[in-house]
């Protein structure tokens, strides 16, 4: 099953299970969503549960907050993560903080799904990776699945969660395929997954770069280097134990992500490891991430600003050298 | 207007006036900190509108939120306790004046973001529509907030989806130091409703009877499924924007004179007596009751324990 | 309308039509990537408005920006070079279709954010006002963009400050898959101007004469310091939202029939000939010239070197 | 001179020097700004250069972008950093990227001044520290002065800079006093300042926490511990050399900031040090930062969620133990 179908499957099952689940967003009805995640849902659930909206990101996210506060479980599709700048206020000042500010009187069970990343020539306003912003907000949870099965299981868990969840997809993952359990499938938030076992170094990654890291690990194996690939899956809450126990085993760590390096979530991981597992490290914790530039349009330029498989291989080799 | 309604409205207005005066004193004494924004002068708006609301109807409020909260029948003790940072406060001392919420009465919270409540009320109205109930949502906000993009987006969405929400714009003549005529290129803010094809109604926000009447019609309309509306109530902010505002942007007459001239409570007393709905003495008795009740509420707050330490992640996350 | 104006307008419209058809072919050949949005069917709007603009007047454009760019007298070779990711492109291959800008002609850029150009044009108009020039700014945007909060905030600000900006809303019947009647609760979008106390003018965006006339008046008004206005031009988007759009939300008649029925170029040819401003043959000659010019432009682009590697921090920061 | 006066001084001098400099924002005219930075400027420059706006953060910041693109040098005052969520789109998708996206055709010389931080009981929507968000955006510069002199000198440099600068003040700094050079005073962007020299450990900080770190250093000195305090002053561009050379001298580092720890800018600094000076470190690089919670209202609670002087002292002692 494709990644986008797996997401659609989770939505369909949760909407069947719970009438309070609704979907809101742009182009999600007849068109089925910019990446065909909601394809077929309009026909099944009708326009009151698949609510196609005008282009009003702040209003839509805010309406989801209000709906979540009063008993619905809305799932918002924000077409591109780059548009988050229009809706941050409702997400950060309201959704994330309502429970705390109200002394526990409220809960805000909403999901904001969106997608980011490069790879389709969409240039600087349609290709960002902004997970670090959301992880820096107390009150949000942040989920970034790399595989179709995790996409389904984590979206299910996110919809059932009583807190606001930012669910981040990657535009190049939608047409990746994988085995997906049929029927209900739940992957709990906050659990990392060791996607490949190894002993020589740990590669920590999330979202699409897990796949690139796995490719790199396969190449490294040819050269006799056994890389362990830890897929975080959920950035908040973070599975600190999984990271640290892998690093304590391999003694070397490479953190790989697509977002720009400066203040990326990789800094959180690398400094966490440096703080908590300093004496276990045989080499400096290393980050491999995007260059500090907006994303360029031209194909060859776009590929030059985010880590590719060979960059991962090279960095890993330097680390174990 | 019948005697009971008139006296109920008067009592709640007085309760708000008293709360604002009393919390100002507590602020001066250093017992309340942060910032407080007085609703004095605008009582008729919250009270006139909320009289039509049930406990299961929702409101969103603003930084100037005490009045809405009281009009929506909040417990005064818990309000004072919140201002005093006590564990018994509505938000367990975590929110303070700018975030008091009372979800048991449908108050989805004061809001520190100007215009922040508007999309939220719209979403609450969506819940009512989606679940097929006859609940309504009211969003109170200031003239300044009407220039936020979120108002535009929300009004459009609500009109498209015929949501049961009433947008109540409280024109108190200022957005902080900006006079309303320097914030708007038009005189009649209610005209903006036409851009969304919804009713726009102007009322004298100093006269609780007018507010009561106009909002009743709009709320009933929303309950019947006829969609959103825009109520613009013109009034006057008696105090500075916040406690301590030096008010450099106002004339002496505006600061001293206007407060005397435009007072919904003085007005209410006048017509209640003139219409023979009650005597001055009866109104004085209500005032006295309000004072007693307030004193008990403050005492409750002052006797309450300080807010308990922050617990993480429990104070922040519901599922963990 | 005189012959020269009519033929100039016709020529630019044809140039745009040709550009859109030609870049679609290039896209199909895999030479352009990312996304492109065709302006076919809406040519009369950009062309009618821009005919009044000087090189030192500013525009902001949209994701559907090729037409505005060409109407503002951009170099076609540099445009094609940008689509092809070449160093000679307007943005040195860094921007692509959605970010083509030509600051030498006052084009402050296409924009990937729906509504993103509206506040920017407002700011450009502020520059004119501040420096006391008679420059104007025009913001082109779609019907969908008019529901963004940024439109509301900008229109209010421009009206308050009497800025020389003209907001041109291109109603092409859709915002991606959302038909305009499902995006607006009102039929006459130009009515929204009343909420800001500025003129709101509706024109048939298929008729370049109407657009030319109405926009001329509004632009002159702005130059004279009389402030902003809102021009709403109704037209029809001939193609899908983007290259490759399956158009599931449209009927066969809308996809095939309407394109024939609503074509500003066919229309223009009709009245130019009917009014005896030129013959069919003369118009054909213009078409042929446009094609030759386009071929040269494409050749220039194809012969240009690929975009040079990203240099940091120089590509990103001006001072470093 | 007070910090807020120093800022006002810089504004006045730059406005006198360059007629293209204008100021826009809420309550900046008669009221003189929420923190009295623009006090007196209306009287001097009039309402066309001190442009008081309605409450429309997106529109105001966007207008500044347009004005900057076309020849003005606008300075926007955003009253609280918490409101940035409303204006992020114009800052991030437009201002930061215009130059790059247009292939170098444009420059966006604007400054967005705002203030953050706790300490006045303003609760969760008026007390955030969000510098990490801005530092994660390629194309923005980020400045955070701790003293009145730096405030004046860095604001001058920011206004003269040809790129968009996010200039972050702290609400508790406005009424701090210090020597400030009269007349023109320029502190270049990108230069850290060693505010106290020491040998036993390096404390890296910025904004108000520099002052708390200096207090802590004084206390530590009483216990015979010589802490060096490095004030970053500018987070982007970052003075990597200054950080690394201090750490190479002291071999121990504590990064202190007010923002929540998770994905805070401290992670960037700590991981930079771990990557670049691993072998120079005698102890794990340590971060001391805000708890992962919205800011509470009550005085005793507010103080409990951000690092205080004694927390710094304690962390420093653990580090050198």
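Which chain is which? They are A, B, C and D, in the order written, and residues in each are numbered from 1.
Definition applied: a contact is a pair of C-beta atoms (placed from the backbone, for glycine too) under 8 Å apart; a residue touches a chain by one contact, two chains touch by 3 or more.
A quick note: this is a predicted structure, and the numbers were derived from the prediction, not measured.
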- Item | Identity of the chain that, by mean CA position, is farthest from subunit B | C
- Can you check how far apart subunit A and subunit C are, centre to centre, with Cα atoms defining each centre and the answer in Å? 36
- So, in whole Å, the Cα centroid of subunit A is separated from that of subunit B by 40
- Query: subunit B to subunit C: how many Å between their CA centres?
  - Reply: 45
- Residues of subunit D whose C-beta touches two or more other chains: 54, 56, 58-59, 82-83, 86, 89-90, 93, 100-101, 123-125, 138-139, 291-294, 296
- Item | subunit C, residues touching no fewer than two other chains | 91, 93-95, 99, 111-113, 116, 147-150, 152-153, 156, 160, 182-184, 313, 315-316
- Message: Tell me the shape of the graph of touching chains, choosing from line, ring, star, complete and other.
- Response: complete
- Note on the structure: Within the complex, subunit B is touched by subunit A residues 20, 22, 48-49, 51, 53-54, 56, 58-72, 74, 89-90, 93-94, 98-107, 109, 138-139, 141, 161-163, 237
- Query: Where on subunit C is subunit D touching in the complex?
  - Reply: 58, 60, 89-95, 99, 101-104, 108-109, 111-113, 116, 118-128, 130-131, 137, 149-150, 152-154, 156-157, 160-161, 313, 315-320
- subunit D residues within the subunit B interface of the complex: 26-27, 29-32, 52, 54-59, 82-83, 86, 120-126, 291-294, 296-301, 304-305
- Query: Which of the residues in subunit C end up touching subunit A in this complex?
  - Reply: 33-35, 82, 85, 91, 93-99, 111-116, 144-145, 147-149, 175-178, 182-184, 246, 248-249, 306-307, 309-310, 312-313, 315-316
- Can you check the complex and tell me which residues of subunit A touch subunit D? 58, 82-86, 88-93, 96-97, 100-101, 123-125, 130, 132-133, 135-136, 138-139, 236, 238, 259-260, 262-268, 270-272, 274-276, 278, 281, 283-287, 291-294, 296
